[in-house]
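Presented sequentially are two complexes of chain A, the first with chain B as partner and the second with chain C.
What follows is the complex of A and B.
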């Protein structure tokens, strides 16, 4: 039981990275950025390339893991900034309707997937085994090292992000622009730079989650479609709400693991989507909507 | 701490702006000398706020130019114009509702502590010191407008009069050479209006910036302004000393049927 919850949390931790990367952009530009999936596939491959071309044979184990994750995070930041330039900046300049952003983001996501397919074909690749497959025994229960690292690393990445958002001037600028971009620029804030920084942060998270997804499911061009998990978590947690996204993602992880136990892995995804649908219809603000509402 | 006023010379020349066929502003010129307090008045819909929007870069004028201290700002982006030293408040208060009072003021001081992604992540000591200094500065501005002790409050929970003051503190934080006040006394009760006039006077004495304001309440207009410009249907109707403008028959006619 406890083992399952732990496994669910570790799965949820990866989803939370996806969901927060997703929520960051939603927060500031108010649209669901599905190109995030493309970024995740892309960075997972970038991490893999760095592994076979640069790191292989030189380092291994957890050092290799860190190197691959950092490479993917940097690649993600650069890719996301590039996507903003190509796909969204012009739309922002023209104050285009939100639906344009949405379509542009889906297009860019599919485009990235296709580019990956051209170069990498649709074969499956896999990362090396970073961590020993031995389990840690605590109180008679065994936890896998990889799950442990996933949980810790995701928590650390989110902690850094929250620190930047709530304790630095850059974070203040991001929050300001997310409330009212016009007034923000009249106060001297360069909205372009703030949006760029937001995409960089979102992309870095996308990169980290890309590697974790790659570790769990191996690499294929459509890996990034798991962005849907982040989307579901965002809906459950309240779109654009960062804390909500994390809570939603952890819940999703636990629910998925529980559902696999109850209805099997075949029925699990269908059940998850039904839950999401219920949320959309009954509580579109998500669970965190209550908390935020009460604070205001 | 009066400094000799050499900064804050604002010149707007021949501003024109049309929305479709509607000429919102037509060949409007005005100027404010360093340290001067200039009022822009006129009936509702005369284009007063549009003039502010032209100065601050919300709209680019179809024709005409805006020059601050000899630097032409026409066509610049809003944030660049703000950083050049033009601060403003809004007719319908536009505070950042998700941020607390202190953060609202700190947003505006942002350009003075340039943000850099990596230093933000690493939170370098120098960076943190700059952040603390920005918070300190913001507290000072809050103190000046009488909002000390309310740093953690949410702006929307403040009474209307205090929200106006908070907007003023935020405008101060960009260290403006020129400050534009858009109907700053709207919605204030008579005692708040008197208090507000005093506050603007105090700030003006202390910072010696140029003030351009739009206002309907004659008490504010006559008490504060050194010079008045009257706008009607987007055009300049009259300008000059406040008393002379008030007695101008054309101006009186434009206001007939208008409240105050």
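What follows is the complex of A and C.
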């Protein structure tokens, strides 16, 4: 029982990285960034390539793991900034309606997925095993090392993010811009730079989650579609709310593991969907309870 | 000749699917990433009714569309009163959920191996007739009171609400209409290809339809139809590899969105050729 909850938490931690990366962009531009999935698969491949080309045979074990995750995070940040430059910069200049952001993000998501399909083919690759499959024994129960590391690492990444958001000048600027872009730029904040920084943060989180997902499942071009878990988590937690996204994601992880035990992994997505629908009917604001207004 | 026939038939079916997407996106400004899932519902329900109970084609076509509409109600009800983002997120989740259900009820649907042995009931003339009928319905809907209310609420929901338009109801009605049409496209596809598999209905299909609508111009039904014909039949005829095809689409869309945001056709409709009266402008602000 406790083992299952632990497993659910570690799964939820990965989802929370996805959901927070998604919520960051939602907060600042007020639209759902569907290209996040593309960034995730892209960085998962980037981490894998870095492993094959650079790190293989030189380092191993947890050092290798750190190197791969960092590479993926950097790759994710660069990709996301590139996406912002290509897909959204001009739209913001033109003050385009929200639906154009939508289309742009979907298109970029599909584009990334197809670039991967073309250059890496749709074969499955698998990440190397970073950690021995040994289990840690605590109080008579065994926990797998990989789950433990996932949980720790996700928590650390989120802590760094929260520190940046709430304790630094850049974080203040991000929060200001997400409150009101025009006023913020009147106050002398360079909105372009702040939006770029936000995309970089979201991309870095996407990169980390991409590697974890690649470790859990195998590597294939449609890996990014797991971003749907991030969406569900943010719907449960409340769109655009970072704390809500984390809580929603952890809950989702636990519920999924419980459902796999009860109805099997095949029916699990359908059950999760029904739970989400019920949630929308009963409490559409999500757990965090903040209503995000449609941009007038 | 057979080859051209099959391309024309598939293009016709895609056109009907695109009409559904056009209604949801072009009229009410919502984004559905699960349109293909409604196609799956229509196709599977009708095919299974025929296989298990031997019901005649016109009846199952009707039931299939109705089933798609019902699932549309299930998805639409909780979401229309919320921000537009929700309907995209929920339909995305819906698409995944439908695929997982189809994959896991193997005794009924054949699971991942697909549903085989569906009789062939659809040929090119039927598809052409269907396209014309659906097009007529959608065009009438666009020009009716309801269509104009939809355009108003797409442009500015708050303003539309204050003019006395029941925004939520309009969104739901349009969404249901669109799901029924998409379900019908699914029925046609099922009885044309005689084979169904869950993998065909993932979100890339829905996204491709969205791209088609967008390339043609989000305000123009004519544009959506023309781009449906061009973007589905031309690559087939020229034998592009499919991955490159979608790559090229994406680049076209990015160019359009950055440099010609109203799509190729803007809000031009073919009916302007014989109508003197200036149609209602549904342009985005």
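One rule holds for everything that comes next: the second predicted complex is superposed on the first by the 289 of 296 C-alpha atoms of A that agree within 3 Å, B and C clash if a C-alpha of one lies under 4 Å from a C-alpha of the other, contacts with A are read in each partner's own complex, and residues count from 1 in each chain.
Definition applied: a residue touches a chain if its C-beta (ideal position, glycine included) is under 8 Å from a C-beta of that chain, and two chains touch if they have at least 3 such contacts.
Keep in mind it's a predicted model, so treat the numbers as computed, not measured.
Engineer: In the superposed arrangement, which partner chain does A:110 touch: chain B (first), chain C (second), both, or neither?
Structural biologist: So A:110 only meets chain C here.
Engineer: Quick check on the superposed pair: does A:157 touch chain B, chain C, both, or neither? Answer first, second, both or neither.
Structural biologist: Touch status of A:157: no partner.
Engineer: Between chain B (first) and chain C (second), which, if any, makes contact with A:251: first, second, both or neither?
Structural biologist: Neither partner.
Engineer: Which of the two partners, first being chain B and second being chain C, lies in contact with A:170: first, second, both, or neither?
Structural biologist: In the superposed model, A:170 contacts chain B only, not chain C.
Engineer: Between chain B and chain C, point out the one touching more chain A residues.
Structural biologist: Per-residue touch count on chain A favours C.
Engineer: Based on the superposed arrangement, let me know which partner A:179 touches: chain B (first), chain C (second), both, or neither?
Structural biologist: First partner only.
Engineer: Touch check for A:281: first (chain B), second (chain C), both, or neither?
Structural biologist: So A:281 only meets chain C here.
Engineer: Return the residues of chain A at which the contacts from chain B and from chain C coincide.
Structural biologist: Residues 296 of chain A touch both chain B and chain C.
Engineer: In the complex, go through chain A and note every residue touching chain B.
Structural biologist: It is residues 160, 163-164, 167-173, 175-176, 178-180, 182-191, 193, 197, 200-201, 296 of chain A that touch chain B.
Engineer: Under the stated contact criterion, what part of chain A meets chain C in this complex?
Structural biologist: Residues 26, 31-32, 34, 86-87, 90-91, 94, 96-100, 102-104, 106-111, 113-115, 117-118, 222, 225, 228, 231-232, 234-235, 239, 264, 266-270, 272-274, 276-277, 280-281, 284, 292, 294, 296 of chain A touch chain C in their complex.
Engineer: For the complex, give me every residue of chain B touching chain A.
Structural biologist: Touching chain A from chain B are residues 56, 58, 77-79, 82-83, 87-88, 90, 94, 96-99, 103, 106-108, 110-111, 113, 115-117, 120-121, 123, 127, 130-131, 134, 154, 156, 170, 173-174.
Engineer: Under the definition above, what is the set of chain C residues touching chain A in their complex?
Structural biologist: Against chain A, chain C makes touches at 25, 29, 31, 33, 74-75, 77-79, 81-86, 88-90, 92-94, 96-98, 100-101, 103-104, 157-158, 202-204, 207, 210-211, 214, 218, 243-244, 246-247, 250-251, 253-254, 257-258, 261, 284-285.
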